[in-house]
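What follows is a pair of complexes built around subunit A, which joins subunit B in one and subunit C in the other.
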Partner chain A sequence: MRRLRWLVPTIYIVFLLLPIYWLVNMSFKTTNEILGGFSAWPQNFTIASYVEILTNPVWYNGYISSITYVVLNTVISVAVSLPAAYAFSRYRFLGDKHLFFWLLTNRMAPPAVFALPFYQLYSAIGLFDTPFAVALAHCLFNIPLAVWILEGFMSGVPKEIDETAYVDGYSFPHFFVRIFMPLIASGIGVTAFFCFMFSWVEMLLAKSLTAVAAKPIAAVMTRTASTSGYELGLLAAAGVLTIIPGALVIYFVRNYIAKGFALGRV
Partner chain B sequence: MTRTWNNRAWFMVFPVLALVAFNAIIPLMTVVNYSVQETFGNNLFFFEGVKWYEEVLASSRFHAALWRQFLFTGTILLIEIPLGVAIALAMPRSGPWVSVCLVLMALPLLIPWNVVGAMWNIMALPDIGLLGHTLRQLGIDYNFTRQPGDAWFTIVLMDVWHWTSLVVLLAYAGLRSIPDAYYQAARIDGASHWSVFRYIQLPKMRRVLTIAVLLRFMDSFMIYTEPFVLTGGGPGNATTFLSIDLVKAALGEFNLGIAAAMSIIYFLMTLLVCWIFYTLMMRGQDQ
Partner chain C sequence: MLELVNVSKRVGNEAHIDDISMRLERGTLNVLLGPTLAGKTTLMRLMAGLERPTSGDVRVDGASVLDVPVQRRNVAMVYQQFINYPSMTVYDNIASPLRLARIDAASIDRRVRRAAELLRLTPFLDRLPLSLSGGQQQRTALARAIVKDAGLVLLDEPLANLDYKLREELREELPKIFAESGAIYVYATTEPSEALLLGGNTATLSQGRLTQFGPTIDVYRRPVDLVTARTFSDPPMNVVHGTKAGHVLELEGGGRIPFPPELADIADAGYLIGFRAHHLSLTPSAPDSVALSARVNVVEITGSESFVHLDYAGQQWVMLAPGIHDFETGRIVDVHLDIHQLIIFDHTGRTVAGHERVAKVG
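Let's turn to the complex of A and B:
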């Protein structure tokens, strides 16, 4: 019994990797071969799909705009959440509990509810079809999450540290940047990871807030799939390329990832 | 931690408040506006009161979507939570394999949601997909675009694939926070595996499991992109969940009043459940 325990995670990981393998497999086949019949690995190995994506501006611009709004959103979310999370973890103030709950409700609000009004709002202020629109719209659910995670990590730092720093004559901004932020560096990393993650995977808002110029890669995929017939090979290759940035960032935060999912409060 | 009373903390919260309010309150008020008005085009609006709400609450279409939504959320919670806990219990506690497991398991969480849908579409194609082909070889007449049962099976399997890792990671974080002394004490007392799980591991995982149920409930309740890409809500309306139905009404049929009233009802429901979980979680934290 004990000795066979490793089988459980192994089987689970194989189950996780099967669809990914299938996607990679498809991406190295020609569309004709894919539609021709079932084969467990490519018979005529080709990288034509990848070449097409990396040389055609319609495709690679999709990647550039996706990365642009994701990075913008991560920077904005973390920057404004840091002081707010500090306030929630250190002070009591009028309406703090209600405010915290209200923030959380926005993480829980279904994006479908907001798709149409967002389109009107961002058209009205002239940001429609720019990366800024998507970056700001994703703040709706990323800021509450960032505040939640950071607050968890900050509450783990004893308050005596703040008090000692003030006694030593540090001003608040100086203390915050020089002493406090290094103490919760892993928390900031994890928070940035989560903002990156949720902005990267969200598609409903990203798609409805962009038309041509700032179209995210995943929207390029759906549209290409429907307009130019059913180019499964291209679709699969584009899919594989969207997995890579995620895999890279996971690797960097692998030691903190579990704690991060528990919102810093295990 | 004791927190000092200081109303100037509002200044630190203000940027967050402004950004989120801009994104939450203006669109929400737009939706509220639509939900009480009738329009005949040309930007002419008439006040209608609660007519749309009555219509939505009485419509069998809304009831059907709501029922499907609860069935789906219930099913995936019943599968993902126990499965996630079981996998977390079987994971190695230390050593080089921990990182490998964590990175591989987190992989599905970082894939854009429409890619997840497209991926499972390719996987489930009846003749050329790995899943579809295998099931057909086993003699099962599998076709997720024609048979509602198969469509459900594929969507549930996709969600289990996509999100069980979240439960695993949370449960694992909870398990790792248990000091070794607890296990030693249990061994001295001669406790069985079951009692170790029931009286040590489960209580220690309570808080993270609450977070897991909360996140899984909310995210599955607002699921849109993955089933939309995989089945488009079909065959027929068999997999039309609330968000899909809502987008259909708002953007497909341009029934703004109905869609807005649906949005508000939908939003209030998530709010209620969110509040219940939040209260439970905060109570757990105070203890």
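Let's turn to the complex of A and C:
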């Protein structure tokens, strides 16, 4: 038994990594090779797919608009959630606990439910097909999450620090930026990460609320596949490039996330 | 001068502070003494302006400061927990109230270094607070409170979380530091011995009420009621019911002892008799001290002295006896009570007569 201990984790990791490897593998093949047969590594190694994506504006604009609304959303979510979480963490007011829980119930409905109202509302005020439309729509899910995570981190800071700062003469904004935010920096990092990830992987709202100008990469991928046949190599390469930002962000916040788990709020 | 005028603080139906009036003069050290939840911290927060009283007024030099925000009250506060700004160095921590007051850099530097010198923090000025020991962290917090030259310095059990040796050290230093400034110092503690060591004035608090306020030694010797006496006694004050009949005091449980002659002019009635642990002894402490038989419950030995917990006719007493004593549980011992140290309370707990006498030499 002892000697086989490595077996289960190895199988698990292979299962997890195999699709990713296959995606990378396909991205370096030509579409003909992908359709022609089954090979564990590229027979005619090519980076043509990547060159196509990085030089063709139809492709790289998809990335740019995706990143634009994701970053916008992350900034808005964190900026709005910081004061909200501070209020939940520090003040007692009528219905505070109910309101706090209600925030979370916003995450219980599938995004598709809101696609139609958002579509009509944003069309009415001219936000349709802009990165703002998607960024604001994603706030519906990300702000409750951000408030929850940040509240956990903030409640870990003794309120005596706030009071000491006021006694010392700090005004609230000065205290918040100069003393408080450095204390919950890891919480802000974790929150930004989760906002980034949810917004980055969410496709349905992103596709429904854009048409041409702010089309996200996920929409570009499906459209290209339908107009010019099945460009599987190109699609695979686009998929690989879609994974990279998430992987990078995870790498940078991996230590903070462990801390977030320890606080029981992630 | 800080004045509290009929200050009350209610949260829901609970009175955290119940109608407290007191007047603190400049250049004095005032100890707030009381058990946990007596309202010490709430009272300090009201003095600081971190909370607003439900009713009553807080006045500085005669003018109400209820509407002055805490940032402009010129107070400093040190908590039981070691509260510093973790993202700033010790130097920046100490300097921060001065920087907010827009004082020029040269005098900030001078004052920070002087405060650091006073609290022996000079070698740590470039370190972050969390990399220091608890004592050093608390000294940083104290330095930040002192450097500000605030008119009112609030210290909320500042030594409670420190280890024994550091407490002794800081406890010696604090009165010297206090003496240097003309500020009003308020020091909250749960320990009677700390109040006595610090001197100054003491206010005893119990369940949100101020029971007595005056020079520390007076409050200790002449508590106005049983609650104050209990608050200001560690180990707890021993109490026994007794009935005065002329020159005899009949104790509940059958003992008959002479009534202290100097208190003999009070009426014959039932009273509560209180005395402190060190007024019981194993050998007669005065020529006319009386012997009583009590059963030993348990003995706590601190080293130089022993706390002997006794059962006298159902009353739990504590005797402070010098040296190490090793009585087995259940043993009956003769204990001697110095009748001149008795404090007589009526059935409502008000002091009727008696106080702790000053020790005589020879």
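Keep this in mind: the second predicted complex is superposed on the first by the 246 of 266 C-alpha atoms of A that agree within 3 Å, B and C clash if a C-alpha of one lies under 4 Å from a C-alpha of the other, contacts with A are read in each partner's own complex, and residues count from 1 in each chain.
Convention: contacts are C-beta pairs under 8 Å (C-beta built on N, C-alpha and C of every residue); 3 or more make two chains touch, one makes a residue touch a chain.
Every value quoted in this text rests on a predicted model; they were computed, and no experiment measured them.
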| item | value |
| --- | --- |
| Of subunit C and subunit B, partner touching more subunit A residues | B |
| Subunit B versus subunit C as contact partner of A:Arg5, first or second or both or neither | first |
| Which superposed partner A:Ala87 touches (first subunit B, second subunit C, both, neither) | first |
| First (subunit B), second (subunit C), both or neither touched by A:Ile179 | second |
| Subunit B versus subunit C as contact partner of A:Ala135, first or second or both or neither | neither |
| Partner chain(s) touched by A:Val167 [first = subunit B, second = subunit C, both, neither] | second |
| Interface residues of subunit A shared between complexes with subunit B and subunit C | none |
| In the complex, subunit C residues that touch subunit A | 45, 48, 50, 69-73, 75-77, 79, 81, 83, 85-87, 96-97, 100-101, 141, 144, 148 |
| Partner subunit A, residues of subunit B touching it in the complex | 1-10, 12-13, 15-17, 19-20, 22-24, 26-28, 30-31, 86-87, 90-92, 97, 99, 101-115, 118-120, 122-123, 127-130, 133, 161, 164-166, 168-170, 172-174, 176-177, 207-208, 211, 218, 221-222, 224-225, 229, 242-244, 246-247, 250-251, 256, 259, 263, 266-267, 270-271, 274-275, 278, 285 |
| Subunit C partner contacts - residues on subunit A that touch it in the complex | 158, 160-161, 163-171, 174, 179, 182-183 |
| Residue ranges of subunit A in contact with subunit B within the complex | 5-9, 12-13, 15-20, 22-23, 26, 34-35, 37-38, 40, 76, 80-81, 83-84, 86-94, 96, 99, 101, 103-118, 120-121, 136-137, 139-140, 143-144, 147, 155, 159, 197, 200-204, 217-219, 221-222, 225, 232, 235-236, 239, 242-243, 245-247, 249-251, 254-255, 257-259, 261-263, 265-266 |
